[in-house]
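Chain naming follows the written order as A, B, C, D and E, and within any one chain the residues start at number 1.
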Amino acid sequence: NSIQVAVASNFLVPLKEIAAAFQSAHQIEVRISPGATGRHYAQIVNGAPFDVFLAADQARPQRLVDEGLAVAESLYTYAQGRLVLWVSPGELLPEDGLAGLDPAAVRRFGIANPRTAPYGKAAQQALAFAGLEQALVDRLVYAENVTQVLQYLATGNITHALVAASHTFMEGKPAGEWRLIPANWHDPIRQDAVLLKRASDNDAALEFLAFIKEDQAKEILARYGYGVVE
Amino acid sequence: MSQPRLEFDIRLERPGFTLSMAGQSRPGITAVFGTSGCGKTTFLRCIAGLEPNCRGQVRLGDEVWLDDHPVRPAYQRNVGLVFQDARLFAHLTVAGNLAYALRRRRREGPALDEVIDTLGIGHLQQSLPSMLSGGEAQRVALARALVAGPSLLLLDEPLAALDYGRRRRIMPLISEIPERFGISVFYVTHARQEVLEMADHLMLLEQGQCVLHERVDTAFSTPANWARLGDLSPMVVWEGRVLARDEAHSCHQIDTPGGVLSVPGEPIAVGQSVRIRIRSSDVVLLRSADSLAGQSNVFPVCVISMTPGGAGLVLVQLKTGAGGQFWSEVDWQTASQLQLTEGVELQALIRPGTMRRYHAVQHFFREG
Amino acid sequence: MMSGPVWLSVQLAVVTVVVLLLIGTPLAWWLAISKSRWRSSVDALVALPLVLPPTVLGFYMLILLGPEGAVGGPWFDLTGNTLTFSFTGLVITSVLYSLPFVVQPLRDAFRSVGPGPMEAATMLGARPTDAFFTVACPLAARGFLTAIVLGFAHTLGEFGAVLMVGGSIPGETRVVAIAIYEHVEVLNYAAAHQLSAGLLIFSFIVLLLVYSVNRRGRGASIG
Amino acid sequence: MMSGPVWLSVQLAVVTVVVLLLIGTPLAWWLAISKSRWRSSVDALVALPLVLPPTVLGFYMLILLGPEGAVGGPWFDLTGNTLTFSFTGLVITSVLYSLPFVVQPLRDAFRSVGPGPMEAATMLGARPTDAFFTVACPLAARGFLTAIVLGFAHTLGEFGAVLMVGGSIPGETRVVAIAIYEHVEVLNYAAAHQLSAGLLIFSFIVLLLVYSVNRRGRGASIG
Amino acid sequence: MSQPRLEFDIRLERPGFTLSMAGQSRPGITAVFGTSGCGKTTFLRCIAGLEPNCRGQVRLGDEVWLDDHPVRPAYQRNVGLVFQDARLFAHLTVAGNLAYALRRRRREGPALDEVIDTLGIGHLQQSLPSMLSGGEAQRVALARALVAGPSLLLLDEPLAALDYGRRRRIMPLISEIPERFGISVFYVTHARQEVLEMADHLMLLEQGQCVLHERVDTAFSTPANWARLGDLSPMVVWEGRVLARDEAHSCHQIDTPGGVLSVPGEPIAVGQSVRIRIRSSDVVLLRSADSLAGQSNVFPVCVISMTPGGAGLVLVQLKTGAGGQFWSEVDWQTASQLQLTEGVELQALIRPGTMRRYHAVQHFFREG
């Protein structure tokens, strides 16, 4: 009695806490396979033994439903992500965050790859909203995902970044300061969860999906800066 | 021991070189002789099955080896080939190289100890090939081929890198291989002495063709061959047989086509066949034998012909009473003093010490 | 002593190298001696897996080995298990991806041996396979060493393709490379450093041993 | 004709291979002939970059090449630019990561040449460098070919470390491997297939040409 | 041309073998002789600078090459070394190999065309080394060393794989190198004939030590050396000088330590030095010269000593009126017939045709 959960990397840390809580409550082991949502999708299409898929976006769970690989009724948004502007130590963090950023003060500005990572796409929208896209174009660097943006920060290779708000709650985060980006500066970052077809009769998986909706899990989600879509 | 006959009729084309040979092995050792690049190595490789483009027929006894396309691959021919470049296995010591051959031995051959001893490679057993001198490597390669117990032995200049003393010690071992193990040996060499001391037959190659395949004595005794065999001085080679032995003076009476010669030297058993070389410079011609009274190997001879020899010399063909023909080369001064004309009778002193021991075998006369 | 992912990686590397030698040795030999006109094409083909990014290769392997794939389909029908997300699948992927590192040094080593020693062995009555194992292979020892080192090290470090095909299932496909990656993902840099350092030290010791022994064994003249 | 990322990859691979040959050739030569007791250690060190997962190697390269790193710091002070997120940084990373693939085949090839030909050249009055370039290198041609093929192909396909150090900046560090990866990530499989197929075909043709020419050039006996 | 002198006092230790040699080159060609594994190749390698563990001193003229540690690395010594295994560059054709040497030539040497012609390698120019026969490769290696124009030439059995005809054609070229280019040559060989026809001095190695370093004539004429030089039959070697030439009979009068010998053969210029070998078997002893009247090369001789020779033979030491000593070997029968005792006077017929032409040079006598 164990279940296999594929989870978007950005949600790995909260998920581990949730899984621990679930495990002690239900005596069901949760085996976690973190990674990029695109890869998870490809693996699921090709028979990956996952029971629950916690994606980084809405598109790919939806597509699995459309392709008959996931249970349509189970689809729901388990978390909504927020962005923060992060500056490394020694750099000036404008009072009004991104809006007040002087492009000249930026050496390198890191975001996740907008083509592959939902947080990257949101970051790009936020930059555009703030009117900084053109000013920063020659200083933008693209990481594979948001956690890699943090590595750039941690190694001092970038001075500014847009990362997930959840990172600010994590242990081991790089030094620096941050400001929340207003939620309306970008399309909502909705992360959907879905039950996969192979687990449609798996009570443990169903229980786990239910558990994420319970208060204990919501509390953890909130603690990590994720919003919950009711 | 009867030796299965090797028959071949082969052809190999290379850009700028064609080997085309037909013939069959004769019992004993066949010396393969010829100038550098004439195809000796290539011939051995074709027989061994190492030249995939070789066409034609090869058979040993009843076994068909090649019938336009290989019937029997090289490794099934049980040929022993000592390569011109030793080709020891670099990852094995000398002992390892020998053990490799011994483990795959499929037929009797000389004992390991005997070979190691004769070739003087006992002290090298733990050496790697990279630590051997040129001659040492060559000896190990020869040893390796011998202990493998081949059914046909092909030797490509196996003694070329060795000093005279070593050669002398090794030649008897090679010489007795055919009789002892009933196999034929092809022996590539540039050394006439090795041919004379070991080979029964001589194959002469010129530009990929076999232009001579004869008994060694006939080959060397034929004037037409002297130039081709590498500027030989005129000579005859006789096969002889020991008639008697004078122990006191360690002297042998040897029956030859020219008569009975008296030859001192290391003991040879009565009845044994030996080979005698008489070069034109080994013969002294005299009008009378007076001052030679009592000296051995003085024969009355008759002049058969006279031809101009090398610069300033006359080559005199002579015949003993027994009918054996041989040659003497004299300068014009001596020639005129001797009043040489065809048919004249003279005395010929043949110098002993010109004898070569013929280590092998009796079969020669049986065959001849 | 070894944590799960490390142990799994070592297992994977060992199995992969063994399989690679089994496949790569005859292939390298053929490439070394063949006069076939297909040889250059096979030579080129062998290097191709390298050209693809690991995740992309992994993606294609995922399709190929998946339950509907050309290889994975029949396997599934036969065994009832999928090849993907299994140790076997990882081995197949690693083998394909490390093939050039094994085949090319071996091929070069066999060519360096040349026909001479094999001919000599033949003349001592060694059959082709006998000569191959007793002469060609020992003389190509250097190539085997390089093939093994490259194959082993590359499998240890390989990641993209393995992650794609294996899916990071603990105890089954979660190799050390993935484990380190995941530590980094959750910003647990200390653990990542520790695991990396362990991997490096372990590998260095193994390699040092291998090279020292190898050196001792051959004497100065060869190498 | 070539799209940006492909062209960038080819440039990176070419520059990397050139640099690798410049560094790897003397290193391989030293490893081949040295009798130093450090040799085994260097031999082992050379293989080590392989053991680390690319992203982990990339992470360490980020530290090393970053504006506060041991290499990147001085570079930054000197040039005002960071090494990371630059073509130069990619080259350094690729060089480190492909080093074993260049050094090891070369080392083996030099060892196969052995001391004989170099001694012969010396006896004809060739100075060591002369003999090295005119005798050792041509005789090790096989090793160079393998080194170049492995180095080139590995750089083309390399991805994790490059992605990390390069930051995927279009036209500067967004190589083809990253481009394909992105297509796969966003489920644009058709584009991924197309780009992969193009890369494979291009590589195959290049390799086939290389191997065919090489084969022609040497005659049957050597190659 | 004056030849800078090579001086050496070297030592090389290997497990189980130590080379320890001191000496200096003499003008002309020095034959390096000795059994397989005695250290000949190692000696050449030490001189050339290819043995890093070689200690001691080596200098050529004023240049110090080795003074316990190498002063001048091998590539600066300008030594030409023909390796026992040809060591052609496998990636270059024959022409490429020769061009390689020619481009690095730092001193005069024989012209390329001359070398190619004499060695008969013209038709091989486009061949790769892997396509050459053993002897062809050896010739190319020799050619390559010659055209490089070395200051000291070391040859390691350069003709070992060649047929007699080829050797004869190549020997004059090698022989004249010292005079023509003013360099010393060390020549490793197992062939006594090559020593006699080409070398001025002989160095005999035994187990890594030089046990003999003498003029060739002295070395071969000393009974104590016969066994060491590989079971030589007793002989003397004389240096002679052409006094006169009889064109009509192409016969030379040659002044030797034993008297004036009459020697037919290819023309040699008057005044030229030549080498004469007289083996014990080349001498016929007679009580009187009656039956030899008019024959050339008959000398009254006096018996100096008699010793037992090989089996059943007596070795007689003789002296001519001119004082030259030589040997004859007779069997006991002949010995008793001749009533051999010390001091007895006999007639000796020395056979012509035993002469060997000495291709080189006049410096020999100047030195002697």
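Going forward, a residue touches a chain if its C-beta (ideal position, glycine included) is under 8 Å from a C-beta of that chain, and two chains touch if they have at least 3 such contacts.
Per UniProt, the chains are B, E = ATP-binding cassette domain-containing protein; C, D = Molybdenum transport system permease.
Being a predicted model, the structure only gives us computed values, none of them experimental.
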Steps needed, at minimum, to go from subunit A to subunit B via contacts: 2
Chain hops separating subunit E from subunit A, counting only touching neighbours: 2
Chains touching both subunit C and subunit E: B, D
Rounded Å distance, subunit B centre to subunit D centre (Cα mean): 60
Mean-CA-position distance for subunit C and subunit A (Å): 36
Inter-centroid spacing, subunit D versus subunit C (mean Cα positions, whole Å): 19
For subunit B paired with subunit E, centre-to-centre distance based on mean C-alpha positions, whole Å: 26
Residues of subunit E touching at least two other chains: 85
Numbers and ranges of subunit C residues touching at least 2 other chains: 55, 59, 184, 222
Residues of subunit A whose C-beta touches two or more other chains: 39, 42, 151
All chain pairs that touch each other: A-C, A-D, B-C, B-E, C-D, D-E
Interfacial residue positions of subunit C with respect to subunit A in the complex: 55, 59, 62-63, 65-69, 72, 82, 84-85, 163-164, 167-170, 182, 184-190
Residues of subunit E defined as touching subunit D within the complex: 48-50, 74-75, 78-81, 83, 85, 87-92, 100-101, 104-106, 128, 130-131, 144-145, 148
Complex contacts: residues of subunit D adjacent to subunit C: 32, 35, 39-41, 43-45, 47-48, 50-57, 59-60, 100-101, 104-105, 107-109, 111-112, 142-143, 146, 149-150, 153-154, 156-160, 177-178, 180-181, 184, 192, 196, 199-200, 203-204, 207-208, 210-212, 215, 220, 222-223
Interfacial residue positions of subunit A with respect to subunit D in the complex: 36-39, 41-42, 60, 63, 107-108, 110, 113, 115-116, 140-144, 148, 151-152, 155-157
Residues of subunit E touching subunit B in the complex: 16, 34-37, 40-42, 84-85, 123, 132-136, 138-139, 156-157, 160-166, 168, 190, 192, 230-231, 233, 246, 248-251, 262, 264-267, 280-282, 284, 286-296, 310-313, 329, 331-334, 336-338, 347, 349, 351-354
